[in-house]
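Below you'll find a set of structures to go through.
The following pair of complexes shares a single chain, chain A, combined with chain B in the former and chain C in the latter.
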Partner chain A sequence: MKLLGFIVVSLAGALLLYGTQDFPAWGDPQSPASVHLSNDYIEKAVDQTQVPNLVTAVLADYRGFDTMFETAVIFCAGLACFLLLRDFSKKRERYYRHVSTGVILHVKNQEKKLTVGNEFEYMDKDWVPSDLIIKTICRILIPFIQIYALYVVAHGDFSPGGGFQGGVIFGASFILMAISYNLKTLVNRIKEKVFGIFAAVGVLIYVGIAALCMPMGGNFLDYSKLAPLIPGDPGHIRALGMLGVEIGVGIAVTAAMAIIYINIVSEGRHDEGL
Partner chain B sequence: MDILDILVIILLLTGLFFFLGGAVGIIRMPDFYSRLHPAGKLDTLGIFAMVTGFAVYNLHHFSIESLLLSIKMFLIVFFVFLSSPTATHSIVDAGMRAGLRHWTKKKRKG
Partner chain C sequence: MLWIDLIVLTFVIFCAIAAITVKDLLATAILFGAYSFMMCLLWAVMGAVDVAFTEASVGAGVSTVFFVAAVFRTSRRTKD
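What follows is the complex of A and B.
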């Protein structure tokens, strides 16, 4: 079986390598991309969109459809993780730990529950005592990480960054919290439902801004038609439209990251893991 | 060549020394735990000396912008100072918990 897999992979790789022979040479000025598209972007993007960062202009404006469906793909990844892994069955025996003495209670009756608080805490077979050093440092770092993520999202149209990167950094702060405390802390603080709603709302913001351009008299994703809605310089409206879209992407990516992480580490049970 | 340049060169060479020592240590140390020791040193003191050198060099033409940039550089150092030893600590912790034995000079029986 391994040999068969190797043969298939080698054949596919050889075919792909054969296909690259038709590519234009690296940096060839006569290649179609350099003749038509790139020059057009470089010459006209700043005049047309008023966005200082060319990459953002290409990503969120000229190729807005592409980015929209990328966001939808991220959303679908989160949704797929939820649908495949989420386990709603409650047939489990619970373990509790008495905090001050360290005595472990094994509750076999599934209806009985102990109140978790200062006296008892949840535990499981992989339980590790949360480390004071790691907890303290992460408590200091997480707000800074989140502020930095917002900075990256907000500066998407001026400097490198944008919704995807900012969303991933924000999601990573949630993951850091789940690692340094435990998964239960994160799930109790931000409910699964909230993450789900945020993931959907992020995509909806993108599609909503794009669709809003149509009743204003433009095409789908034609941000310039939004000018009457927002006071200020009408020439800058494309940049503002991109910023709105980036915020939508950031929200969707944040929530999708958290959903994927929570469902994978706990095998869908949302209570233990790592 | 004024006094600031000499300071920058000394700081950069100090950083280079620590980075070099750390890199050699990561390769030469015998086991997991002792390798983490130079890794942690390299991240903290090496980066501290290097970035201080950059920040001082950046202050050559003193203005509010360059001061702001230097403060941002020091923020990087601050966060690395917080996170790198914590990461090393948690990696060692995970190794201990997983039951990895530390290295000894004697040959283990069997």
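What follows is the complex of A and C.
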């Protein structure tokens, strides 16, 4: 079986290599990709949109429809993880640890809940003692990661970055919090409902901005028609539209990453995790 | 710049082969992270900084965490 697999993979690889022979040479100015649209984007994008980063201009303006459904795909990924993995059954046993003595309580009665605070703390079957150094370092680091994520979202017009990357970094800060403390800290601090609403709101911001252009007399995603709504330089309006759209993408991606992580790591029970 | 390309491409292929031969799935997850990071370096050398940024944050960052989480909840060793 392994030999058969190896032969199939080698054949497929050889076919792919054979197929690359028809590719245009690297950097060939006459290749189909750089004859038709690319020149237009490179020459006119900065004048038309006032956005120095061409990648953002293409992704969020010229190909905005594409990016909108990309955001919807991320939202659907979060939704699918939630629907497949979320476990709503109430039957669960809880473990608590008395902080000062280290005595572990195993509570089998599901109605009985201890208040968690200075005396008792949550723990689970895979519990490891929380390390003071890791906790402190992560507590210092998380605000900086979040500020950096906001910077990446807001500065996507001028430098590499944008809503998707910024959202992933912001979501990673939540994941870091769940790893360095425990999953319950994150779930108690930000409810699952809030994450769900934020994921939907992010997509809605994108679609809302795109659809708002239609009653203003433009096409779907034609940001330049939003000029009467926003005071300031009307030449800059497409950059502002892109910024709004990127913020929507960032919110949706942040929430989707957190939803996926929480549901995978706790098998949908939202109680114990890495 | 050719030698950077060659070194990084060697590492990419090395990581890819190691990821499918290693029996420990946690090691595979980390090797995938290394693979993504090498691809990120390649994108950066080619001048596609936006793609490199995405690869670093999504490929090397978050997806590695998702793999580790999935390994944590399933089994750590493969059967084949």
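The rule is simple: the second predicted complex is superposed on the first by the 248 of 274 C-alpha atoms of A that agree within 3 Å, B and C clash if a C-alpha of one lies under 4 Å from a C-alpha of the other, contacts with A are read in each partner's own complex, and residues count from 1 in each chain.
Keep this in mind: a residue touches a chain if its C-beta (ideal position, glycine included) is under 8 Å from a C-beta of that chain, and two chains touch if they have at least 3 such contacts.
Please read all numbers here as calculations on a predicted model, not as lab measurements.
When both complexes are superposed on chain A, chain B and chain C fit side by side without a clash.
By the touch criterion defined above, A:76 lies against neither chain B nor chain C after alignment on the C-alpha atoms of chain A. With both structures placed on the common chain, the touch criterion links A:172 to chain C but leaves chain B unconnected.
When the two complexes are overlaid on their common chain A, residue A:131 makes contact with chain B while staying clear of chain C.
By the touch criterion defined above, A:161 reaches chain C but does not reach chain B.
In the overlay built on the shared chain, the residue A:190 is in contact with neither chain B nor chain C. Contacts of A:140 after superposition on the shared chain: chain B is touched, whereas chain C is not.
When chain A is checked against chain B and against chain C, the one touching more of its residues turns out to be C. When the shared chain is aligned, no partner comes close enough to touch A:216: not chain B, not chain C. The gap separating chain B from chain C at its narrowest, counted between C-alpha atoms of the superposed chains, is 12 angstrom.
Residue ranges on chain B touching chain A, taken from their complex, read 79, 82-83, 86, 89-90, 93, 97.
Residues 128, 131, 133-134, 137-138, 140-141, 144 of chain A are the ones touching chain B in the complex.
Residues 49-50, 52-54, 57-58, 61-62, 65-66, 68-70, 72-73, 80 of chain C are the ones that touch chain A when the two sit in their complex.
Residue ranges of chain A in contact with chain C, taken from their complex: 2, 53, 55-56, 152, 160-162, 164-165, 168-169, 171-172, 175, 179, 257, 260-261, 264-265, 267, 273-274.
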